[in-house]
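These are the structures in question, set out in turn.
Next come two complexes, and both contain chain A; in the first it sits with chain B, in the second with chain C.
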Partner chain A sequence: MDIFLTRLFAGMTAGSIYAMIALTLVIVFRSSATINFAQGEFALFTTYVSWWLTERGWNIWVTLIPAVVIGFVLCAAAERFLVRPVRRRDEAAVLIVGLALFTGLNGLSGTIWGSDDKVYPRLVPVSVDSFLEIAGARLFYDSLFVMGALVVVVGGLTLLMSRTNLGLQMRAVATNQESAGLCGIKVGRVFMISWGLAGAIGAVAAAILVPILPPGQLGLPGMFHMLIFGTVAAILGGLDSIKGAVVGGLSLGVGLAMINGYGSGLGGSISLTVALVVVVAVLGLRPSGLFGSKRLERV
Partner chain B sequence: MTTLIDKTSPARSGGQGPSGSGRRGPVVILRGSGRYRLILAVCLVLAAGFVAWGGTLQPFEQGQLTRAGIFAIAILGLNFTTGYVGLLSVGHSAFLGLGAYTTGVLVVNYNQTALSTIPVAMGICFVVGLLVGIPALRIRGLYLAIVTLALGVAFPEIVARLGGLTGGAEGLTIRRTLLRPPEWSGFTLGEKDQWLYWLTIVCLLLAFVVLRNIITGRYGMAMNAVRQNEIAAAASGVNIATVKLLSFAVSGAITGLAGSLFAMYIGSLFAEGSFTVLAGITLLIGLVVGGERTMLGPIIGGLIVVFLPYYTSDIGGGQFSAVLFAIALIAVVFVAPDGIAGGLGRIIRKVVRVDARRPDGGREGGLFGDAPTATATESGSAR
Partner chain C sequence: MTAPLLQATGLSAGYGQAMVLRDVDIEVAPGQVAVVLGANGAGKTTLMRALAGLLPFSGELLVDGRAVRNSRPDKMVGHGVSLVPQGRGTMSALSVVDNLRAGAVSRRDKAVVEEDIERWFTTFPRLAERHAQPAGTLSGGEQQMLAIARALMSRPRLLLCDEISLGLAPRIVQELFETIAQINVEMGTALLLVEQNAALAMKIASYVYLLEVGEVVESGAARDFEQSESIRRVYLGY
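Then we have the complex of A and B:
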């Protein structure tokens, strides 16, 4: 039982992070109908900024403020100046802009800060005995912190979506862009804010995940792996559903932890493949994911 | 090239250039005419000269050229499905790796000669391509890109898993003596680089000619139709499932050929190093920058993905080439959606236009891509 719980906690921790990345993808997808391949690299860039500031003696929590602001501004600017002009052309063009941003931001981070791994401090310092004991299993405080962060982010987003004018506009645009535009919503501005929001959440998620998930250091290739996990989670839940992203992320995290723990033949090095096979199967049976809205096509 | 053409030639009067307007239209050359053959011959001689010059280079530079040729073959394969049929694939690195590991495993574990493994590698990649094509029947666009992403991510993991066969994470090293050029070629073991260079050139040429013939033929028209409008294509009698599956399979086989050559070139295979999704993205970048749906695009793309990082390796610790790639990609998306080859083609077509003799055209897949629409609208607006 305690081993099971330990694995469950580990899975929930990782899953919360996947869910947060999936959320950023979902927010972008709801407005622009594309997967932003560069989402991880935006977060990588802001995390490098944050690391650079901690090296200058800033408190790690304070560095989150410029990181979030830069994440917001970078993503919003990318939408406004790079994505929007080609959006009307086709899906492939937007995807290629995403790939360009992916390559470019990774290269830029490497050019500025070098390609060697950096030690990024933890937001919540841990020691050996900072855990709660639940039925013999250890639940470390930083795991609690990660899950709490997910709750705060999802809660904030839900409030934003359901209680504010901006949220109403975002939902309207996600449902039908043309009708939303005809109702007087500035669709372009909603796109820009959506991207910025995704960038800001990505910045927070990256700051949390870098010290916790392997390899535990800030390196150039790390975020791409996270992006794949986030994409898997988002697709599992249906790309346009916030609820789906959370369910997808948590089930991916817990599922991988269980596969690694119990299915020794399938675990270890091949766990991601197993997860991806599941996703392809899900897509084959339900092309719009578990919670995604069905796409109607005019034949 | 333009100096070769007499601008007052009678051939011009045959075209539909904008007459009466102040601007002179492009010179029209009929396909199959003497002038056309002369230009073609000059281009071929120039290309042959370039290839022959590559044969005399020092081993290192020649190796880089071989590498570019291998990537050009791989991008040719990618162009076949991503360019012409529009099935976006970010996971073609898996086919590259599959071809490479087929050759590697057969040479190391089963004592085959390197050359004889090429058909096997292509066959395996063909079958895997068919299998991967199956989701493409139901899943579209972005979601399909994710399926291919899954393929690309899964490949290194599976290789690591099958450690007994593939050497796992330590990699698979093919001893140099096992890659001895065959007797009949006349190359000795010491001239392995030379042999590989010429082998790559021959393979590139073969792949180029075969794919060009497919694309300009009936099947190529079907592929274009599927990309542009599936419903219209189906209504015109195109079997969409067959086109999608076969194009993915052929594309996989060609990229597998590149992988097989890559194994011979590099000698030691590391799935985590050479065949990750990042390699698949590199192929895609090469294709887009070189020019989708053009025949020369993949070759330009192959040269770029090899030589751009090489020449910028001094700047920013080797990371700067990525930034340049990004700028090139964005420039391509904004300025020349059909890549460098397409952009060059458009400029050339302002000066020279090649018209088919047949009235029905059928010029899709020309060296610089399918241009007729651009020229048509242009001359239309000039009137």
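Then we have the complex of A and C:
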């Protein structure tokens, strides 16, 4: 029982992080039908900024403010000045821009901060006894913190979407861009803000995940793995569904923890294999994912 | 003669290399009802999309005598021109009431928006009954009502309607036309209608344009068209 719970907690912790990354992808996809493969690299860049500021004596929590602002501005600017002009000419070329951003941002981080790994502080310090004991299993405070962060992010997004004028505009654009334009909505502005929002959430997610997921340090390849699992979670949940990102992220996290735990004879790279199987299964059986749209149409 | 609300001169538009509209002149006075008649494929939808800012065009487009260039739909809504597109274009995943709220995003007088929603719910009681339902689950007639109400939420001075009768039962079409005629009278909203159902449109229109293969071949007061034998036979079928 306690080993099951331990694995469940570990899975939910990783799953909460996958869910947050999936959310950033979903927010962008809902507006502009693009998967931003550079999303992880934007987050890597803001985390380097945050680390650099902590080296200068800033409190880690305070560094989140510039990280979030830079994440927002960088992503919004990338949409406005790189993606949008290219999209107007050629939809497929947007993917190339994403790849260029991916390598460009990674290279930029490497040029500024070097390629050696950095020790990035935890937002919630841990000691040997910072856990709750539940039925013999340990639930560490920083796991609780990660899950809490997901709850806060999702709660905030839900309120934004359902209660605000901006949220209404984002939902309108997600359903039908042309009709949204005919309503008087500035569709380009909604794209830009959506990208910015994804950049801001990515900055928070990265600051949380870097110290607690392997290798536990800040390095240039750090986000790539996370982006893969975030993408799988988003595809599983349905690329345009916020609820889907959360359910997809948590089920992927828990599923992988169980498979890795109980199937230890299966070898080390089993997570990636499982992730690939999930993607193929979703695309084959239910391309809109668990909660993706295209169901409400009664054509 | 009052100054035109909307005036297009030498308007040309198309898709890529293929020019569909050539040199079209059209004007609509404030509060006027005009109709564009034409066969399938004549370019009626292309014209409406160009006027609504969905399609680039060459030529001159004036709203209130001021030139509109590089138009975008949100800008045209800002100028007071709103389109009910062919195929309705409701936002299927949004609830009925959210569709209406979205139609009002350009407005500053937020307090009055809820009053307007109530007003259109009174006009279209079936929308009120289904206010929380996703628009995608409505019947065709209900979606058309929603599309019209949504377009009116920005309080346009000119409403462009692209074949609102398409695919609907005659009784519902009759109702819709009565409703927009009433809106024209009560609110002074000018209407530019595109129709294949010419007989119905002619009943409420005061001015008529005949569009053939992308060109306006004739235009004039609806009264004169009623009396023109040949046009009656070709476009009105009686």
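Remarks
Just so we're on the same page, the second predicted complex is superposed on the first by the 287 of 299 C-alpha atoms of A that agree within 3 Å, B and C clash if a C-alpha of one lies under 4 Å from a C-alpha of the other, contacts with A are read in each partner's own complex, and residues count from 1 in each chain.
Basically, a contact is a pair of C-beta atoms (placed from the backbone, for glycine too) under 8 Å apart; a residue touches a chain by one contact, two chains touch by 3 or more.
Just so it is clear, the model here is predicted, and its values are computed rather than measured.
When the shared chain is aligned, no partner comes close enough to touch A:77: not chain B, not chain C. In the superposition on chain A, contact of A:144 is made with neither chain B nor chain C. When the shared chain is aligned, chain B comes close enough to touch A:106, but chain C does not. When the two complexes are overlaid on their common chain A, residue A:172 makes contact with chain C while staying clear of chain B.
In the superposition on chain A, A:5 makes contact with neither chain B nor chain C. Once the two complexes are overlaid on the shared chain, A:293 sits against chain C while remaining clear of chain B. In the overlay built on the shared chain, the residue A:187 is in contact with chain C alone; chain B does not reach it.
Note for the complex: chain B touches chain A at residues 86, 88, 135, 138-139, 141-143, 145-147, 149-150, 153-154, 157-158, 160-161, 169, 231, 277-278, 281, 284-285, 288, 315-327, 329-330, 332-334, 337. By the touch criterion given at the top, residues 33-35, 82, 85-86, 89, 91-93, 95-97, 99-112, 114-115, 220, 224, 228, 231, 235, 269-270, 272-273, 276-277, 279-280, 283-284, 287, 299 of chain A touch chain B in their complex. Residue ranges on chain C touching chain A, taken from their complex, read 52-54, 72-74, 77-78, 82-83, 85, 89-94, 98, 101-106, 134, 136-137, 150-151, 153-154. Note for the complex: chain A touches chain C at residues 165, 168-169, 171-172, 174-176, 178-187, 293, 296-298.
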